[in-house]
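Two complexes, one shared chain (subunit A), two partners (subunit B, subunit C).
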Partner chain A sequence: MATQLPLTSAQRTTFANRIAERFNQTLPLWLLLPTLLVLAVIQFYPGIYSIILSLQDRRAGAVEWVGFRNFERIFESAIFRESVGHTVVFLVGYVLVTMVASLAVALLLNQRLRLGGVYLALLFIPWVIADIIVGLIFGLLVVPEYGLLSPILSNPTLFPPKGLSIPSDPPPKPWIAGFPFPPAPAMVYLILASSWRALPFITLLLLAALKTVPSEIVESARIDGAGRLQLLFRIILPLILPTMVVALFNLMLGGINGIGLVFSLTRGGPGTATEVLSYLLYTIGFQRLEFGRAAALAVFMAVINLALILLTLRVSRVDERTT
Partner chain B sequence: MHPARRSTLGIAATIALLAAACQAPAPQPAQPSAPQQAQPATQEREFITWYQYDETNTDPKSDERVGNEYLRKTIPLFNEAFKGKWRWVNQPQPFDQMATRLTAAVQAGGEVPDLMQSSDANLIPFLKNGVVQDLTDWIKAQPWFDDLDPSAVAACTGPDGRIYCVPVAMTPQIVFAWKDYFPNGYPKTPEEFKQVAEQLKAKGVYAITFFGSTAFDGEGTTRFTNTLIKSFGGTFDDGQGNMKLDTPENRAAIEFLREIIAAGYVHPRSWDGTTTPFIEEEPMKTAEAASFPTGIFGYRYVNPLKAPNGREYNKGNEEDMLDAITNGDVFIAPFFAPEGRKPGCGTGVTGFVIPNGAKNPEAAKDYINWIMSKEQNPDWVLGPGGGFPALRSMLPEIEARMPVAKAFYEQAAAAVAASECRPWYGTLERRNEAKKIIQTAIFKLVKEDPTADISAVLKAAEEEYNKGN
Partner chain C sequence: MLLPIALTLLTSFKREADVLRKPPVLLPCDAPDGSWGIQHCRFVLEGYERVLIPKPAPGSLLGFELTGRMFSTYVPNTFLYAFSSAALVFILAGLAGYAFSRYRFRGRRLLLVAILAITGIPLLTNLLALYQMAVDLRKANIPGYDERMFMVLVYVGFQLPFAVWVVKSFFDTIPRELEEAAFIDGCTPLCALRRIVVPLATPGLMAAFLLCFVNVWNEFIAGFLLLTRREVRTAMFGMYDFLSQNIINYQVIAAACVLVAAPVVILFLFTRRVFFEAMTEGAVKG
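Here is the complex of A and B:
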């Protein structure tokens, strides 16, 4: 048997240096490791598991691989097509209403108002209320007998011919067959409730952006004779465009995935008038316990989300290059 | 410090941290043996249940006050009866999420209860997802098995012929009606109904209110639509597991519904459950509506009451409806049906399931035997069960114990006997999906577009379901 000779002091130093150098090179990885482990457990594993589940049909004690059958069943169902339409209507309405209202409020708050801080604090109330509570409150407002808004809504002069019932009035006849527009009153109400909830955050984002607009540019535009609208559309909006893009995609991602308000306010009704994709996912997965189909829908929605994220990144990069 | 040494120390610290994190938990110091020896041979263990009721909720206005009160009263009794063996711990769950939560818990290998209150409507999804235990051998060996109503046992039986739940109460669909509005009894035929409804309309009263919305994944199918369709001789399935809606009988039922809605006989709250769950009960409570077809369990929820004659029943519990029936202000009737047909009636059971993965299934079995005893069964049937006892010998016992329930049960039994009662789903397996599809189709036809082609909408609904078969 060969005898191992003890390392000399110089050899030990070289060895330690080599390890130290290696460690320094990989230090970022070590620092990232805890985060990666957490992400692996709460993001990657459920994501991959959902993809696997979307290809399976689970029965008691048995798993059957069904290929893309769950996807086929989702895509060929009428309620899926309806839900896509409702989701589009909801997203467009939600994004438009929220952006316009938030911009208006942000422009107001950007003026030197007395008690501006108080308004800002009050504005934040909806943001700290949970979706479920917002839904319950908005639901109570339109209860036909005693809802705060019911005297207005049930007024036939305002809403001919016999007033408006948010909980049960069906949508008008669609302008384009198969596409749910104009929406049902409940969908409009859902959009308003969701926008009310999102208003503070988007307002704050836009307000922060407005504060960064150099006053010199605004002043020189004024001196050059720019009117208020010209100032807004030619100077201010282009300067805060990057923030608006971020706000836009934030709203779209929140809108497509949000379920709290639909769940607590309309439960997809009346009929299927507010059945958006996220609520359909909830009903398939958690009410009908059809996990394979629900996973297929979740994968589809993940793809949409991914596309939106990539689009955001692309727009941001284009924007960085142009500014 | 030398950089190399600093790095070496860093590596050592990282490894130590990782090692500490990955290490198994340090063993607890050994317990002294003396106290262990002092403990009783059979240690009291927790018996976990999931009910839709919460014994800690003392709110007298809570929708579930009857069940909450029942648990508050009963948990100490059970704990006393099984002192030293089981201690009952109830974990309340929202009624529309119980099945989902249990399925998720079983599939994830998480903490599951030893027993859950459940209805037969959950049976197929539970079987498909391997959620509940096969109780066939055990239940057949119990002394009370032969006393169970065969239809209740059938409702708990899976397609494989095995029994997966324990039926305790049966919940058929009936009609609650105000006597002042129907002095000659509830109409027997749709024509009679329309005549009386017209007279009531002249007095400013709606003849009927019902669960017409699509809320709770189409729950209206089980609470009203099924009664209407079956009374007209219709059906939801072809007997082979396929949905079959486009039939002459179903079309006739829907045409009738369109007619009475257009005539203004249906209270508008019937459709408002979307944003305010169960609001369709309100017109019955205030006598704005003259009748309310629903499950027999409705007596627990439809209170307080104000009769058309001004008499008030405002205890705020199930006794209000029972008192109103005993006093003759409210009566129970079967639904109406076209000449020559028997009224239709849905029926279901409520009872218990024992989930796979339950830590103490023996506790659950002790509990079920306790609930099936003559002392406990009547209270469960009148409380959480909200219906007829599945044990046939218990009905006289309940009537004797609660004289106020005597008239209620007599009338309900007569209504059920005069109807043809069977589970709404027939051979449809995906019941939650089916009831949403059916109720959505009905809502479209009578509310969204009363001029839509009935046959086309029903066919589309059938196809939607049958694609999944």
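Here is the complex of A and C:
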């Protein structure tokens, strides 16, 4: 093919060239069009549909507009309130365990361990393992009597009075009526399994932030006589705070919506001890087929998600401005 | 960190009799007389055999066929979904990322922020509507329609927003002068994208591809709810199914876990640098 030469004025008047010119002028639109179409069908339309569905009652086959009745019914139901409690307990535990553990690992990796790339990558394997599989792996470890951890768990001296069976032990009596704390052993285990999976990613985030802490600041603080803890709490943590907030929101988003682990590890049980909001959405929508109420719950969760992501955006923009 | 994985690997190579011992043993290395030694270890492939169920088939390439449903149906399906969604995301995110990176048009910022906000909407809350769409599409009896197409579309829709951001931020790092030189040589914008930008932004595009591939591979709930026929179900559904079938056969479950997780773990180990870059980049920015 001959190389393209700049168009002469005579050529430019031809019809085909006019089209080509138009195409080039509006190129961004054509480049974006496929993406926007897909997003409209898969993201935008379902969002609108959920909102409409949440205002309707379709159980009898006929469509009836019921206003906010679905929302009222879901918010008033006992299982919703209980699930909110479970979700709060799960989120707090999940965020705390993951943040503290990731920070510890990141500090360790940043300080002296010069791990080769392969070892570092091995450490990060949990991150790419599917949540369903993580649930199965952790589930196998605590099968009563046969699981490899069961000798430890069923030891009555470690866990009085008669050992622990994670899949079946009911939650202890709550301290505050109506709020599921302290949680059931299954919930604690669910938190640990979730944190295990989230740890590599958060560690990576924090490690990247730690690398940006200037060594001069750390050095001068040390010369001024700052102890290790002082160094950590007064110097390092404030410097990586924006990243920690991003990590926090990231964890909360993942924690609210994560359902695979609940599916494969506890299925909401024992009883309803690990019935978090995401699993409740599944049970109402796809097991009891109460689409209106499920849609109301979905809208509620989507609003929380949007709020979280917009907050994240704000925080990370602050991050950009300061760096 | 790796302990649960190591224990699962260990379990997957045990015999059923050793898995079902009370109390459980870590290593099945004791002789019947009670003595313990490495030479007594009994590791078998029984678990793997029962996942794969190889049957001799003289005509095929390796001399046998895998007849276990997991590897004859579910895993190939998952591969199909993951690969085709990743390829589509690669193309669409490349085009959209180029538009966002190189053109200033009305509504650009708004669109960018909207796309970023969408990344926070989970698949879960849209599933009711998508489920209804899947049912309607099946009923509509469109000739040539296959529920696998809808599944891929759903995955693309959910992986695309983040990919657009990753790709855009990589495109931003490529100096525009290179393209301007190409324009002077008579290249159109699309030609510049293909010949200059894409080759230079390969790490970013690869990251978008790989992230999408791994995410779709690991996805469970959408595949579980939107697909109805057994022949088109995914590997994660297969795992879930295993759980209900093999209540006692823990070594089979462990072997299935290992086999289904292995492809993405290996992929990750070979391409870890791309992953690390893209994830920190994307997450710190949003």
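Note that in this section the second predicted complex is superposed on the first by the 267 of 323 C-alpha atoms of A that agree within 3 Å, B and C clash if a C-alpha of one lies under 4 Å from a C-alpha of the other, contacts with A are read in each partner's own complex, and residues count from 1 in each chain.
One rule holds for everything that comes next: a contact is a pair of C-beta atoms (placed from the backbone, for glycine too) under 8 Å apart; a residue touches a chain by one contact, two chains touch by 3 or more.
This is a predicted model, so every value here is computed, not measured.
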May I ask you to decide whether A:268 touches subunit B, subunit C, both, or neither, giving the answer as first, second, both or neither?
first
Could you tell me if A:142 is touching subunit B, subunit C, both of them or neither one (first, second, both, neither)?
first
Kindly classify A:73 by the partners it touches after superposition: subunit B alone (first), subunit C alone (second), both, or neither?
first
Where does A:132 make contact in the superposed view: on subunit B (first), on subunit C (second), on both, or on neither?
second
So which one touches more of the residues on subunit A, subunit B or subunit C?
C
First (subunit B), second (subunit C), both or neither: which does A:17 touch?
first
Touch check for A:167: first (subunit B), second (subunit C), both, or neither?
first
Would you check which partner chain A:286 touches, where first means subunit B only, second means subunit C only, and both and neither mean what they say?
both
What residues on subunit A does subunit C touch that subunit B touches too?
24, 139-140, 143, 145, 286, 291
Given the complex, residues on subunit A that touch subunit B span 13, 16-17, 19-21, 23-24, 30, 58-61, 73, 76-79, 139-140, 142-145, 165-168, 170-171, 173, 186, 265-272, 283, 286-291
Can you check the complex and tell me which residues of subunit C touch subunit A?
1-2, 4-5, 7-8, 11, 19-24, 26, 92-93, 95-96, 98-100, 103, 105, 111, 113, 115-133, 153-154, 156-158, 160-161, 164, 185-190, 214, 217-221, 225, 236, 239-240, 242-243, 250, 253-254, 257, 260-261, 264-265, 267-269, 272-273, 276, 279-280, 283-286
Residues on subunit A engaged by subunit C in the complex (per definition of touch):
3-6, 24, 27-29, 31-32, 34-35, 38-39, 41-43, 45-47, 49-50, 53, 117-118, 120-133, 136-141, 143, 145-148, 150-151, 196, 199-201, 204-205, 208-209, 243, 246, 250, 253, 256-257, 259-260, 263-264, 278, 281-282, 285-286, 291, 294-295, 298-299, 301-302, 305-306, 308-310, 312-313, 316, 319-320
Going by the contact rule at the top, pick out the subunit B residues touching subunit A in the complex.
3-8, 10-11, 14, 96-97, 99-100, 103, 107, 125, 127-130, 213-217, 268-269, 271-276, 279, 282, 430, 432-433, 436, 440, 443-444, 447-449, 460, 464, 467-468
